[in-house]
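In what follows, subunit A forms one complex with subunit B and a second complex with subunit C.
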Partner chain A sequence: MGLSETSPTFRDLARIAGTLRNPRVDSWKSGGGKVMGYYCSFIPEEIFVAAGLLPFRIRGTGSQGTELADQYYTQVSCTFPRHSFDQALRGEFDFLDGLVVGTSCDTIRHTFDNWKHAGLKTPFTYLLHRPHVTGELQVDYYRRQLEKLKSAVEEHFAARITDEKLWEAIELCDETRRLQQELYALRKVPNPAITGSETVAVMVAGASMPKTDYNAALRTLLAELGTAPGGGKAGAARLMIAGCAHDDPSLCAIVEAEGGIVVTDFTCFGGKVMLESIGPRSGDPLLALARYGVLDRPFCPKIGGAHPMRKQAVLDMVRDFKVDGVIGQVLVSCDPWGGEMFLLKDELKEAGIPMLKFETDYLPSSVGQLTTRVQAFLETVRR
Partner chain B sequence: MSDKATQMTMTTPALASDAGVFDQLNREANGILAELLPQKLLEAPKGGKPFVIGSDEVLPEIVSAMDLYYNILTVTGATAAGMPDGAQTIDKAIEMGVESRLCNAVRCAMYYLYSPLMPMPDAIVTTNSPCDAVDTLGIMMDNYKPWAHVPKFHLDAPHGREEEDFVYFGKQLKEMVLFLEKATGRKLDLGRFLALCEESNRQGALLAEFQELKRAVPCPVDPDWARRGFRLSRWIPPGRPEVTDILRRLVAATEERVKAKQGMDGVDEKIRFLWWDVSPVWAGKLFPRLATELGAVCLMDYYSYAAPWTVIDTTSEESALRTFGKRYLIDTPMTRQAMHGADFWIEDALRIVKEFRLDAVVMPCHIGHKDLNAFPKIARDACREAGIPFLFLGCDVWDERYMPPDKVFETMKTFFQSVGLA
Partner chain C sequence: MIVGGVDIGSTTAKAVVLRGDEIILGTILRVTTKPEHTANLAMEEALKKAGLSSVQELDYVVATGYGRQKTTFANENISEISCHARGAWHVCPSVRTIIDIGGQDCKSMSVTEKGTVAGFEMNDRCAAGTGRFFDVMAKVLTCGYDGISSLQNVSETPAHITSQCSVFAESEVISLVNNDVPLADIITGINLSVAGRAGGLLRRVGVKSDVVMTGGCSRNAGLIHALEKALGVPILMLPVDPQFMGAVGAAVFARDKATAAKAVPVATQPAKEASHGTV
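Showing the complex of A and B:
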């Protein structure tokens, strides 16, 4: 029996993750609240929270195709921005009062251009310049960029973001990360009470609803899971997923339907988001945010000089979660993750960890082939 | 290396050559550009100088002033892709399991890295510019196991175009100099560095003069000379007086043709177009045919672009590095077009069309350029609004198998006919 049957809290979170405009967003908006959309996990939600905005991470949930977006991109472009932008063109992101895009990969960066060009109903748009190297000089540069973002948000939304408000927002988001770490820790046991696909839903919900509500729900869920029986997969192969925009529980569901269990992940909506924390309070909050983004959590493969940190984070997870094999998921046309997987493949091999690497579209189109490959992989890591 | 291979790789076959002067310039330029052939690049580090390898071009004046040997791995990959056996090199790279749509120039560079064909460097400098593919290559170089012990430096090229971006990049260049001094034991000779910058300024000014001459209708010489001029002044160790001399004579000879209102030999110029991407390695199978059969002349591409080069301020080391940073971020081909917003790319295209009296914009949209592939509609709409015929192709500038030159020719011919230009 899954959490959908046993936990109303999980059902609520899964509903939020399973759609874009959800009841929590509606309730926020009807109370006069504003919603700030953003691409990529490195964008500091804390600035939006401090301004009294609801941060909402852009994704392509529910997209059926890219017909409208395909005027703006070619077939060579990654399908994650194509699906999410297609939804934007269909008006499904009209509830956003603002959009912040970071200078991450080339395709996401130009999605900012497309969003503006299409004349979408998003009153505030901003391109955040994020460094692509980890280092002290970069911290200084990034702090200045965050200062500019803060000023732009303050001006547009008539908000005043004090240091006190920023530290409060940092503490709130740190609490989210701490609770998510607790959730992940529950999966270290031999027979976890929450599956990988259920975890994806919980993590995605965290970027789609008010943080205070989310933290409360997470506390309830953690209490429920603490007393819940295991998922009945005590002897199953324990797998980890590494890759980019993994916001759809279906990949985990395929793996778990074939007899494996996904016990952790290093993905942009999942495990990468909750690693490390910013607090405790000390001095300039913008500097703390900059240090966190550039030095503590350079987990985007676009960041030079930080691959050893990413590799170590993956290996630490493999050790802590007793992972038997890693599934490397790359969206077709993603140069940064393509390169990262090219390196990880050999590094994991050297560490004696089997790896299955596959390229897929945002909406997996060849489920049959994927299922076969997962089956074959499970044979190689079968306990 | 045969002469034929050198010619194929280094130039598109000259469309016009004043029997004496231009043939001589061709010979001299090709002689120097032959230094970029992969085999020569691989042998050169054996010369005894410390060997620095970079993922992209950012620091030619600096490494030359430190008397270091410098290789740009992306250029090596791009040049390898353009060799007669380029397709085989691409196929070997694919077999290595690189991401399926990675730029083939970078794939070839990765093949050279992992084969392993590249000599062991003394220092590695990587940068995130100009595109996702080269950024990925930098991370590969950075983490290539046999080079694990080699000192490394990472440059962060910002996407901004404000003064703070140039200052930020200039500071990194200063740190890079300190890094190189420590890694190679060579000191930056400030006097030599500033002298090289001044020579580089002279070359930049001559290239700008040549660009002005290209405005003449009909175009007086093969416009590809601008691209060769760039390679001579930036990819070959810079500041060489013989390069300045070639450029000076090129300008003088072109000026004569403009005065005589003489266009390219054998070309009845009817159409002038912008190829707003990297010129393909198979350009020799396309551009001469377009010119001779349709009178369609490619006036400009990324590496022969029209922007005047930022003058390096040689007042001090700091001012030189800051303006050097600006030159890199704003003027360097590919970085200029790929690192900034779509608006910047379009402003350039429309400005060039106006200033050079062009008739059409072609967006080749190399499949490896993830940036270009993310804004074809913006480009099309801007051209439509400006009343400029616009053609989107979708080709691979390093691998003609993706869209063969004959097919590109037919597509362009149909397009020119359809919009009433041919």
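Showing the complex of A and C:
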């Protein structure tokens, strides 16, 4: 029996993850609140929270195709921005009062241009320049970029973002990360009470609703899971998913239907967002955010010079979660993760960890081939 | 002990009965739109050849291939990657590398000395370089699959097929035909193109002798010739029809499972009685 049957809290979070404009967004907007959309996990939500905005991570949930978006992208653009931008062209993101895109990969960065070129009427749009290399010099540069973003948000939304408010927002988001770390820690046991696909839904919901509500829901869920029986998968191969933007629980569900259990992940909507905290409060909050983004947590493969840190984070997870095998998932045409996976595959092999790498589209396709590969992988891992 | 293995592939279905060490091959059948029905038909053929009348006479059955999960008379299903490796190793223990080219998939596997899969690679999504690709080309060239696979059509001056995509490659071949390029040159070019892709998959797992080919495309002598040329190593011919390797591997697994678990005979398992269908 899954959490959908046993936990109303999980059902609520899964509903939020399963749609774009959800009841929490509606209630925020009906109270006069504004919503700030953003792409990519490195964008500092804390600045938006400090400005009294609701941060909403953009995704392609509900998309059935990319017919409208295709004219804006080259053939070698991955399908995550295609689907999410297609949803934008269909009006699914009309509820956003602002959009912040960062200079992560080229396709995401071009989505900012496409958004403007297509004439979408989002009232506030901003391109955040994030360094593509890790280092102290880049921290200083990035801090200045965050200062400019803060000023632009203050001006457009008539908000005043004080250091005090920023630290309060950082503490709120740190509390989210701490609770998410607790959730992941529950999966270290031999028979976790929450599956990988359920965890994806919980994580995605966290970037789609007010943090205070989310933290309260997570506390309730953690209390429920703390006393819940195991999920009936004791002895199953323990897997980790590493790779691209992964906001659709169905990919994990396909893997878990073959008999494995996904116990952790290193993906943009999952494990990567909660591995580190920013606080405790000390000094300049913008500097703390900048350090977090490019020095302490350079988990986006688009940040050069930081692969050893990402490799170590993956290996630490493999150890802590007793992972039997890693599934490397790359969206077709994703260059940053394609290169990262090329390195990771050999590094995991060296560490004696089996790895299955596959390329998928944003919407899972060729499920028959996928299940064959997963099943064969599980057969080799279990051996 | 008598066990069975059935392989419901994307294009054809094959079944095998293993009576002691004797491998009894069924018949290669085209799949129907109902995998369970196809499995029944394939197993019926193998049972007939073994002189058996019902799947209930088998101690254990393993299904593999695309339709493996719909084969309700099987005790369990195992991926075709593990089954091809196990089957090829069973009939040829010196095998260390396998290229399996079926109707829709192309897989490479490295095999341990114990017959287990050490690593594998599989084509992503598209059917380029598989049996479907040859079907399309045979149709364009009106030479049939025999024409594509005949060593008579190996040329020293092959045409260059650059496109990896079946649809675009078809356009290229049509252009070559209309430029009066000799048929043998085109056919050799097609086989070299597929061999190039298969060679890439093989190199990812590491090419270690003995190398064998399994799956329906192992009937293509022209492809084997091209692959040997691309890899620079001989492709060993298996002593049992390589197209049956998935089913052979499934049957060997069935025997292992039945022996290890001292499995309850199929005939006494009530859950499966209702699903025997025509078998």
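Convention: the second predicted complex is superposed on the first by the 382 of 383 C-alpha atoms of A that agree within 3 Å, B and C clash if a C-alpha of one lies under 4 Å from a C-alpha of the other, contacts with A are read in each partner's own complex, and residues count from 1 in each chain.
Throughout what follows, a residue touches a chain if its C-beta (ideal position, glycine included) is under 8 Å from a C-beta of that chain, and two chains touch if they have at least 3 such contacts.
Computed from a prediction, not measured in an experiment: that's the story for all the values here.
Undergrad: Touch check for A:E359: first (subunit B), second (subunit C), both, or neither?
TA: The answer is both, since A:E359 touches subunit B and subunit C.
Undergrad: Which chain, subunit B or subunit C, is in touch with more residues of subunit A?
TA: Between subunit B and subunit C, the winner on subunit A residue contacts is B.
Undergrad: Return first, second, both or neither, reflecting whether A:H129 touches subunit B, subunit C, both chains, or no partner chain.
TA: It touches subunit B, and subunit C stays clear.
Undergrad: By the touch definition at the top of the document, which applies to A:G368: first (subunit B), second (subunit C), both, or neither?
TA: Only subunit C is touched by A:G368; subunit B is not.
Undergrad: Give one of first, second, both or neither to describe whether A:E379 is in contact with subunit B, with subunit C, with both, or with none.
TA: A:E379 sits against subunit C, while subunit B stays out of touch.
Undergrad: Under the contact rule defined above, give the subunit A residues that sit at the interface with subunit B and also at the interface with subunit C.
TA: In subunit A, residues 332, 359 are touched by subunit B and also by subunit C.
Undergrad: Okay, in this complex, where on subunit C does subunit A touch?
TA: The contact residues of subunit C facing subunit A are 66, 78-82, 105, 116-120, 122-125.
Undergrad: Would you pull the subunit A residues touching subunit B in the complex into a rising list?
TA: So the residues of subunit A in touch with subunit B come to 71-74, 76-78, 81, 103, 105-107, 109-114, 117, 127, 129, 131-135, 137-138, 141, 144, 301-302, 304-305, 307-308, 330, 332-343, 345-346, 359.
Undergrad: Report the residues of subunit A in contact with subunit C in the complex, numbered from low to high.
TA: 332, 358-359, 365-366, 368-369, 372-373, 375-376, 379-380, 383
Undergrad: List the residues on subunit B that touch subunit A in their complex, please.
TA: Going by the criterion above, the answer is residues 97-103, 126-128, 131-133, 135-140, 142-143, 145, 152, 154-160, 164, 168, 171-172, 175, 338, 341-343, 365, 367, 369-371, 373-378, 381, 394.
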